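Shared between the two complexes below is subunit A, which has subunit B as its partner in the first and subunit C in the second.
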Partner chain A sequence: MPENTQENTRENTVFAPWDDPEAAPLIEFRNVTKRFGTFTAIDDLTLDIYAREFFALLGPSGCGKTTIMRMLAGFEDPSEGEIRLGGADLAGVPPNRRPVNMMFQSYALFPHLSVWDNIAFGLRRSDMARDKARIAARVEEMLKLTRLEKFARRKPHQISGGQRQRVALARSLAKAPRLLLLDEPLGALDKKLRQETQFELMDIQERTGTTFVIVTHDQEEAMTVASRVAVMDHGKIVQVDTPASIYEAPNSVYVADFIGEINIFKGRASAPKDGFCEIGFAEGLAPIRARAPEDMQGEAEVSFAIRPEKVEISPERPQARERANAYPGKVIDIAYLGNISTYHVALAGGQKVKVQAANTRRIQRRSITWDQQVWISFTDTAGVVLTR
Partner chain B sequence: MRRLALIALPYLWLLVLFLVPFLIVVKISLSDQALAIPPYTPTLDLSAGWQGIRDWASGLDLENYWFLTDDPLYWKAYLSSLRIAVLSTLLTLMVGYPIAYGMARAPDHWRPTLMMLVILPFWTSFLIRVYSWKAILSQEGLLNQFLLWLGVIHEPLTILNTNTAVYIGIVYTYLPFMILPIYAALEKLDQSLLEAAEDLGCSRLSAFWLITVPLSKQGIIAGCFLVFIPAMGEFVIPALLGGSRTLMIGKVLWEEFFSNRDWPVASAVAVVLLMILIVPIILFQRNEQRNREAEG
Partner chain C sequence: MRRLSWFNLTSLTLGLAFLYLPMVILVIYSFNGGKLVTVWAGFSTKWYGALFHDKAFLKAAWITLKVAVISSTVATLLGTMAALVLVRAGRFFGRTLFSGMIYAPLVMPDVITGLALLLLFIAIGLDRGVFTIILAHITFSMCFVSVVVASRLQSFDRSLEEAALDLGCTPLDAFRSVTLPIIAPAVISGWLLAFTLSLDDLVISSFTSGPSSTTLPIKIFSAVRLGVNPEINALSTIMIAIVSTGVITASLLSKRSIARRAREEQEAFAS
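On to the complex of A and B.
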């Protein structure tokens, strides 16, 4: 995962309309609340999504991802608030009049139609309707894209789950809508096909300029494909940011914990001095020195979060002076994952720390074994201090 | 052994309840009318042994079937029955489909109640229910009184003892047979399919034609057969609600049996009716079969 993030931090730094105060968003959620009976599925959501974005919604099951999609597609009306598309209020616009296509979480393939006819369904109801040749060409293109050529004549119940998912994807892509909603589009695909399709999606996105909103359970997927990620919890968006920022600078323990692996140290931070604070997290251990968040004033209960790969492990106390934080501990578990190893280290106070190290300097690493006394260390900028 | 018994059971059932009576009817249809008890010859005399069987067999012929083709009454009655059955099946479909649709779309907790209401009429005698339509449709009946009261009409309508009354009777009687299979098909229908259709550019109405109707096809076909097959041979409804000009094969059958006491001709009529119905019955079975395969 960390590799991915590094790699896919988009090179074209130009594309960041969310930082541009001039840019007009394609989709605007304005204080949108959605209630089902007494249950609040979406709670006062305000969110902008820009044209040509690949926007990922990430969050645990039941947090309201599908509900957001359904409001965009027009199947649910907000109980309160307003959703705008290209500046125009979407209220009262029926689904078939929105330039939006959705790939359903349940696929919703038409069981009585062949794969071919499923994909052609939307085209036959577009301005392309008269032009049989163009429809055929477009369907063939979609079949090729999703590698379904061989199954064109089959009915949905005669193909596998992964193939069905691809049909659903092809069907929603066929009309080349302005906004494409993908609700867990790749969940049923094997890893290899999933990665290929991810790149395919990004490619399509770049070629067509379509705006994508994608729901996924798979954070790696969100990190790979998305221009921005929204992390949700119980109908609220906790953080919206680029994958790299979400990973490197989570704004809360919830986000930090949700994305990737992380070590959390709970403790009391001293008042910041020169932008740094000291967090006492265990009796008898030196406090952690870390960069204080900008909005922090005075002492506070905080969580210090640090990724396992940002922690160094060594048999001896490290000498380097920039490693401001160093603690002795005992290795209680080692998980060898080929290119990397994860060490579980118990500190004196009982706090457990996960350390991830690339297996490059093999000999040296191998010297660390179970029950060995080791030192873990990290710099004062390696982690983040979270106040919520 | 147990498996054999299990397979044999339905066949035994079929043999006893269908095949044996059917063969008896076929046998009678090949006999001649006679003033006797039973009112036909020859009768099988098993005590005379082999000779008895041969005498009996030589007395059988297809005369009664030829007779059916001679008298235009019969083929006219078949045709008229066919017309009434087809038309009333279509009417039942037109009435039944919206009801089934409404039931399938109703909130979950309402459905058992609606289902009850549909099958509730079966709790009273069919005969009484059809009879009560006489009271509704007659010149001084409830319907005419109501329409006169509304001022829609000024003269009472003649509905009872016409084909219209027969259609009303058939639609009323067989409506549940239409509703239930269609409801079963519509209830299974995944609502997200309609959303997908709308998402892809369909209006509500075209989504209905392109998705709902094709996906309830099996239910429609089943319902139509379940109405058509009994309507074709219907006797009670035309007898009670129809007029002298209502010609249905069920009525002819009744008259041959009980008025003319011509059992052989009546049997021939019944056998031909069955032959006509066998085609849709087989089609129906095929449909059910395909249905199960598509689902399995």
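On to the complex of A and C.
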């Protein structure tokens, strides 16, 4: 696999402390469990986060993302296990003694203080407390960064939701902590401002070396900013990996389904031969030929997952030999999104497949219309076989 | 706007008359020139003059004011602390009992509270005087304060305090610079409530006062027993004036602050 080795050497030259057995993590969760009464919000969590990382927590509502943040900030104590920061156990360290700042999901702006005083609040309680000029300079810098200069004298109830979010962000950034926890920091911003702020955050991170843990519902955001992404489900982490690996090599149907769009074919895989297996997913259709996962032995019930953009659509049966899998189907829906189009194709067995194609060759793509008989095809390495 | 029907109008008139007629009569007779309270003998303000030369009344007024200010301030302090524990401490052993015990004095008859305090002061050998009245007033007005403050704390967003801690405040600093400014209106109304309660308390004060520590309500009550005298009417009129000025000012202030807030919000979104 020459392609793979090349990938690995490239990875090693970039920032990847999690692959380095020598590297000491900044944050260590060791078998942390958090219970509220009888409800288990975090279930036996073990996780390392390294200094200078931009670590994203992704998961459905109520899966425990905020709870993890609150334990790091010191507002909740783990019911079991321990959390270490820079090698020292955090148990019993009060929030005001932790080199950690948090941006709250609810913003938690002080209603009786102006935007300016909100941002200065933490600085007045830091080592620059006596230096009024430095505080003022820092606040102005934060105001400029979040484009709030015009609103400095307003109270929180006098500004819009998106502006409030930016105040909360500015307030948590002001002290330049070692670890910054951002609980859905950009949810209320419009797309343009959000992208600018994302790049701003990455820039801050590069300049200051701050470690970021960020909660987001927006997977595109996680993909853009994160060095690693953790996908959570019901208080457990299902997969932790780089955005690319999470996207290209999800370890389960849950992760595959959660991140981006994907087609899932459920079926029975034959025993692997030369690293490949064949998955029968519908009566009367040829099985899918795909690379078998390394730990697979013998036959197994599996799900074959493939991203819509890795499936080819064509009016005729493709001739190329490397397209190992090809099926006829009928177009039942087309969504034209400008730069790309999504085709919904129904196969003979009833299985529906989403296909995404870039609209580069305008005329050819347009030639595929509703109800047309088409062929979809993909190579034997385009998808992944998932055993759970 | 709908016009009042004759039925509503009558009810309103009757109700208001029922509430305010006694006071109106009292105010009118405070300007009576004659010595007899029930016979009108021309307009005069001489009873007001007499009042300001009556040393005993002035002394009683001074004691009342002193007691009210000190007791309401201490009660506000203690009541706020009790409210914090009630709302914040989560579940602890005896919590229900504690909250019940805080609120019980609200419904306790004054006579019983007064008697109990009297017995206590005698038992510990405390001489009755201004000090014991202050203690007694703190005891019964504290629970009113804690009810008012607790209801505000219930809707207070805890994450504000957490944010303060997160930004480096000690718990005490967080309370002082975030919680207190936000709940201040409730604390102030608690104080005002305690102050007025103390100002007009008669029963508990009579149980706990000594010979040299007569408060205004006690003074009025004992004077009236010897026959109503126009000086009392004058004094009562002054008290009515003070109280209604206070109430009207407070309501105007709060109305203005609501209006200002609404205007500021409008301006904010207009720009």
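Basically, the second predicted complex is superposed on the first by the 375 of 388 C-alpha atoms of A that agree within 3 Å, B and C clash if a C-alpha of one lies under 4 Å from a C-alpha of the other, contacts with A are read in each partner's own complex, and residues count from 1 in each chain.
Throughout what follows, a contact is a pair of C-beta atoms (placed from the backbone, for glycine too) under 8 Å apart; a residue touches a chain by one contact, two chains touch by 3 or more.
Keep in mind that what you see is a predicted model, and the values were worked out from it rather than measured.
Q: Should the pairing of subunit B and subunit C on subunit A count as a clash or a fit in the superposition?
A: Here subunit B and subunit C cannot both sit on subunit A without a clash.
Q: Between subunit B (first) and subunit C (second), which, if any, makes contact with A:225: first, second, both or neither?
A: Touch partners of A:225: none, neither subunit B nor subunit C.
Q: Quick one: classify A:135 as touching subunit B (first), subunit C (second), both or neither.
A: Touch status of A:135: no partner.
Q: Going by the contact rule set out at the top, does A:171 touch subunit B (first), subunit C (second), both, or neither?
A: A:171 contacts both subunit B and subunit C.
Q: Please tell me which partner, subunit B or subunit C, touches more residues of subunit A.
A: Between subunit B and subunit C, the winner on subunit A residue contacts is C.
Q: Identify the partner contact of A:154: answer first if only subunit B is touched, second if only subunit C is, both if each is, neither if none is.
A: The answer is second: A:154 touches subunit C but not subunit B.
Q: What is the contact status of A:90 with respect to subunit B (first) and subunit C (second): first, second, both, or neither?
A: After superposition on chain A, A:90 lies in contact with neither partner.
Q: Touching A:112 in the superposition: subunit B (first), subunit C (second), both, neither?
A: both
Q: For subunit A, which residues belong to both interfaces, subunit B and subunit C?
A: 73-75, 94-96, 100-102, 104, 106, 108-112, 121-122, 125-126, 157, 171, 175
Q: Report the residues of subunit A in contact with subunit B in the complex, numbered from low to high.
A: Touching subunit B from subunit A are residues 73-75, 94-96, 100-102, 104, 106, 108-112, 121-122, 125-126, 157, 171, 175.
Q: Taking the complex as given, what residues does subunit C use to touch subunit A?
A: Answer in residue numbers: 157, 159-160, 162-171, 173, 178, 181-182, 261, 264-265, 267-269.
Q: Quick one: in the complex, what on subunit A touches subunit C?
A: Per the stated touch rule, the residues are 73-75, 94-96, 100-102, 104, 106, 108-112, 121-122, 125-126, 154-155, 157-160, 171-172, 175.
Q: Mind pulling up the subunit B residues that touch subunit A in the complex?
A: 190, 192-193, 195-203, 206, 211, 214-215, 217, 294
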